[in-house]
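So, here come the structures, one by one.
Paired with chain B in one complex and with chain C in the other, chain A is shared by the two complexes that follow.
Now for the complex of A and B:
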């Protein structure tokens, strides 16, 4: 049987990125630094990637206290950057990067940060998306990697995959818009000075329910704050987080990357997927309509199979895992291109 | 058929077989040794003898030695051989194109029916298949469907049914289900596990075979004449009755030998033809004979006895038991170019691709007479291929030798036209 080169390299890279992103802080900082997240002085907000900070007076540091839902978040990351995949602020010891894009947007909506300071971060995000598209999802995202590990486990245990119907996939994708809109509008709302009193409980609403919040600290052998029933709001968030974590595990365990239909970070990447540097091509005459590409697609995309004409494919929902290219049994039927240059093609 | 009818029919069959076998010289009909002698004369490769030996040996008796494994026969290219292997049995493809058998089959099946069905039915009545344990008949065409019923008093038959739209999106679920049922049946019958590991191992065997077949296929296409068409189809036919691993081992040897010869082979002068359409199975070499006489080589084919049977691999993504069965259904059904399925585009694409890739000279579409499905799609094929500027010839014939002269004239005219 053929060696699936792309899948193997993807696995290796996923593990490497997982290690680097999660444990990078240990390596690059030369050990553990226990530095509490003191709000940096306004003057520090300079340089190419300024450390973003709460604007004066708008935010109490209540919610970062031990025992609150957004704890632990104490350590500073190595780089103050926001790459386009789920790089979590709850990484042990601050992690290599700051946080994910949803975090960036929602926290700064609340802080009402000057766009000037945000611009470098957003430019970097768009540039990285433009270069690699959603490869960040398929190849880098630690949460995707954890999920792929669960999928691997399922296969080893010989449990057949559940293929969710198209309607459900569509529903999940639509919900991801809902989650994102809700997150951002809540964040913007509590940024209004008159409503600043809500900030203690409603700050970073998506982070409070994101499964990564519960999973990432585990890598550093830190117990995540898995329950906080101090107030009605945090109790609600706790329960929602449990539900979402359950969904997350179930989704990865029975299906493949079902979570990624729902993920707002993936959603934000997906806007830049079309037209990105990495693209898939299909040479239609070589296709024998075996359906292997559609069958193996973790996002349940079938356009590759359906296309009767030569196409350039980078659909919004395609996470660029390139599994389809890897399984296609026809020589040079599907190929991976980087700015028009063929990098890899399907091979028997 | 209910039990009384079946018993009655079996007696009838036995009577026919008795009278018929009496007319033939050997007990093991049909005798293919003259044909083998004739075609081995042309071949220059030593390793070929294994394939001809296999054909000869297994056409007299299907004997798979000790330890005795059950032998499961199947028709067509739609039955997952891997599942049979995984059940610890040996798969034998029963499709036959022997004229003698066809005449025996005609005693039971009406004369104006596809000669392949007649021949396959007749072949089953010869002594060759005495130790066959089970016959698996897929729902390919109507002929196969009814053949399952005709054979059922005589042999244990498993009918493998599935929808005949080869669209993956619509039917993959059902195919997988049908294949699982088949696996379950074999599991019970042979007390086998047929689990993930067994299936994976079986897939490895057939993928190995695919591997070597592809090598031979491309070697032939790039060096026409290095393995002539007779030998090529004999090799393919030998795979019907030979275990995949043994076949691959010998084919590997053959490939090495041919590759060695390919280095100092003079350029081929004649026309390179792509043979599409009905299968070419060993003794039915009429078309090949004619083309050989006219100095052409069949450099490539899309028939289900050679290319269609062994070119496509199993591509396993989900390596769970269900996933493997699903992958098998994709290989056998979704990718199938059999005219019994909807979806002629695949065939057109394949023909055009192969034609251009190996810069061939013409396409001959071989249609076994009375096979409606092949014939019905020939009209579309002819016009579409003509539109793309590929020379196309449609030939309708059967297993008998009567129309040889006539076909020869037509092919000659076709070759003349290509010049």
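Now for the complex of A and C:
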């Protein structure tokens, strides 16, 4: 039996990243005390991980059952206003740094943060995309990891996976562009002072329906705000969020990584995929067209299999999971390069 | 029911059960640590700062309270609402409370509809005042009221263009990405 080293490494890293993303703030900020004379903050004093249940005398879920889910920047600078969070602002107490570019752009379109506060974050985002392309989606994204867990569950239950039709892939990508455009348009519109009255209902429109908003807080044992029927708009967003969460879960029983085709974060990462440092290379002479790469691709891509000439295959849909390299039975047919330097290659 | 449908149904039940399990054992809390530097002098002083709240989360100043972090005791606060959201909820409020430089407690701000402030004060004594920030925010304004003494003010003299140096690596990275993508197509 062939040992899939890359896939095993990926699984381990996914779990590690999930822990760091969700609990990073507790791990890495735990020992930091800003001022020697100042008593440590409550979260720092508690240790590495959050308490699973509220301690005696502290605020309980009874007092905060309607805990606010969207914390706007108001009239203060965005990035200094709350502890930075990796992936999602709805993580408990934040993670290490921001990675959700959709949230970042939406929020700052609405609350007009000075561009100089945003530039370092944009630089970091572009740098990571330039170095690793969509590796974020395949190796790091916690929602992707949850999806892979669902896929694993589906496989254990012997539910067969469906081949991803090209037309549907294109349709989902178009929808993804639609969602992104709509999100940013609404965010920019309500940022106009004359229409600021809509902010309290329409702010962060994508965040309000994103499955991550409902899933991420659960890792921190925090109840997400899963129902809000106070106004017609809130009720609409709540129902949409339920539908998308249902689709997110159901989609993993239909195919693999279906959500990744719709995700606007993945979409923005994909713009840099083709020119990123991580390259998937195919040596066409060594290929015997067995189809293993196409069968194993979680995004349902077949272009690598179909290519008849040597290519650097950094398709915008490819999440760089490198399963194709792992499963390829031909020596050196597929390889993973980093700025031209070979890191891994397929082996019999 | 076919075998496949049954499996799908079972999967859905497992997921629902997992979600309910997490939701049942979960708890929420909205709190922010109040950051400020204790002054060098000994005695009482006021700590004040402006805090922004999300829409619909704080209906009135009664939904905001400050507690001593370690003990959980609420302390008296003076809260002045500066602006509100279109739905009438509090958007920004000035929060003032008294602290003592010898005890050096840390304080936490709690807010939400279910928070009920019990201790308040309106009249302020003539005391020095310093500003605070919440969460991970840096102190935006450093203010110390002293009757006699010397105040050293540090001014950032760097030109505003200095803050925009990130544009250079951004452009560079975009150009490099474009170049590499063109090159990859040519293989």
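Quick note on the criterion: the second predicted complex is superposed on the first by the 291 of 348 C-alpha atoms of A that agree within 3 Å, B and C clash if a C-alpha of one lies under 4 Å from a C-alpha of the other, contacts with A are read in each partner's own complex, and residues count from 1 in each chain.
In this text, a residue touches a chain if its C-beta (ideal position, glycine included) is under 8 Å from a C-beta of that chain, and two chains touch if they have at least 3 such contacts.
Remember, it's a predicted structure, so these values are computed and weren't measured experimentally.
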item	value
Which superposed partner A:249 touches (first chain B, second chain C, both, neither)	second
Which of chain B and chain C A:286 touches, first, second, both or neither	first
More chain A residues in contact - chain B or chain C	C
First (chain B), second (chain C), both or neither touched by A:158	both
Which of chain B and chain C A:14 touches, first, second, both or neither	neither
First (chain B), second (chain C), both or neither touched by A:294	first
Partner chain in contact with A:110 - chain B first, chain C second, else both or neither	neither
Which superposed partner A:327 touches (first chain B, second chain C, both, neither)	first
Partner chain in contact with A:122 - chain B first, chain C second, else both or neither	second
Common ground on chain A, meaning residues reached by chain C in one complex and by chain B in the other	154, 158-159
Contacting residues of chain A [partner chain C, same complex]	34-35, 37-43, 45, 52-54, 57-77, 80-84, 94, 115-116, 119-120, 122-123, 126-127, 129-130, 150, 153-154, 157-159, 196-197, 199-201, 203, 217-218, 221-223, 226, 230, 249, 253, 272, 274-276, 279, 281, 310-312, 314
Of chain C, residues touching chain A in the complex	4, 7-8, 10-12, 14-15, 19, 22-23, 25-33, 35, 37-38, 50, 52-57, 69-70, 72, 85-87, 89, 91-92, 104-106, 108, 110, 112-115, 133-138, 140, 160, 163-164, 166-167, 169-170, 173-174, 176-182, 184-185, 187
Complex interface listing, chain B residues touching chain A	166, 168-169, 172, 195-196, 203-204, 207, 214, 312-323, 326-327, 330-331, 334-335, 337, 343, 345-346, 349-350, 352-353
Chain A residues touching chain B - in the complex, by the definition given at the top	1-2, 154-155, 158-161, 284-292, 294-296, 302, 305-306, 308, 323, 327-329, 348
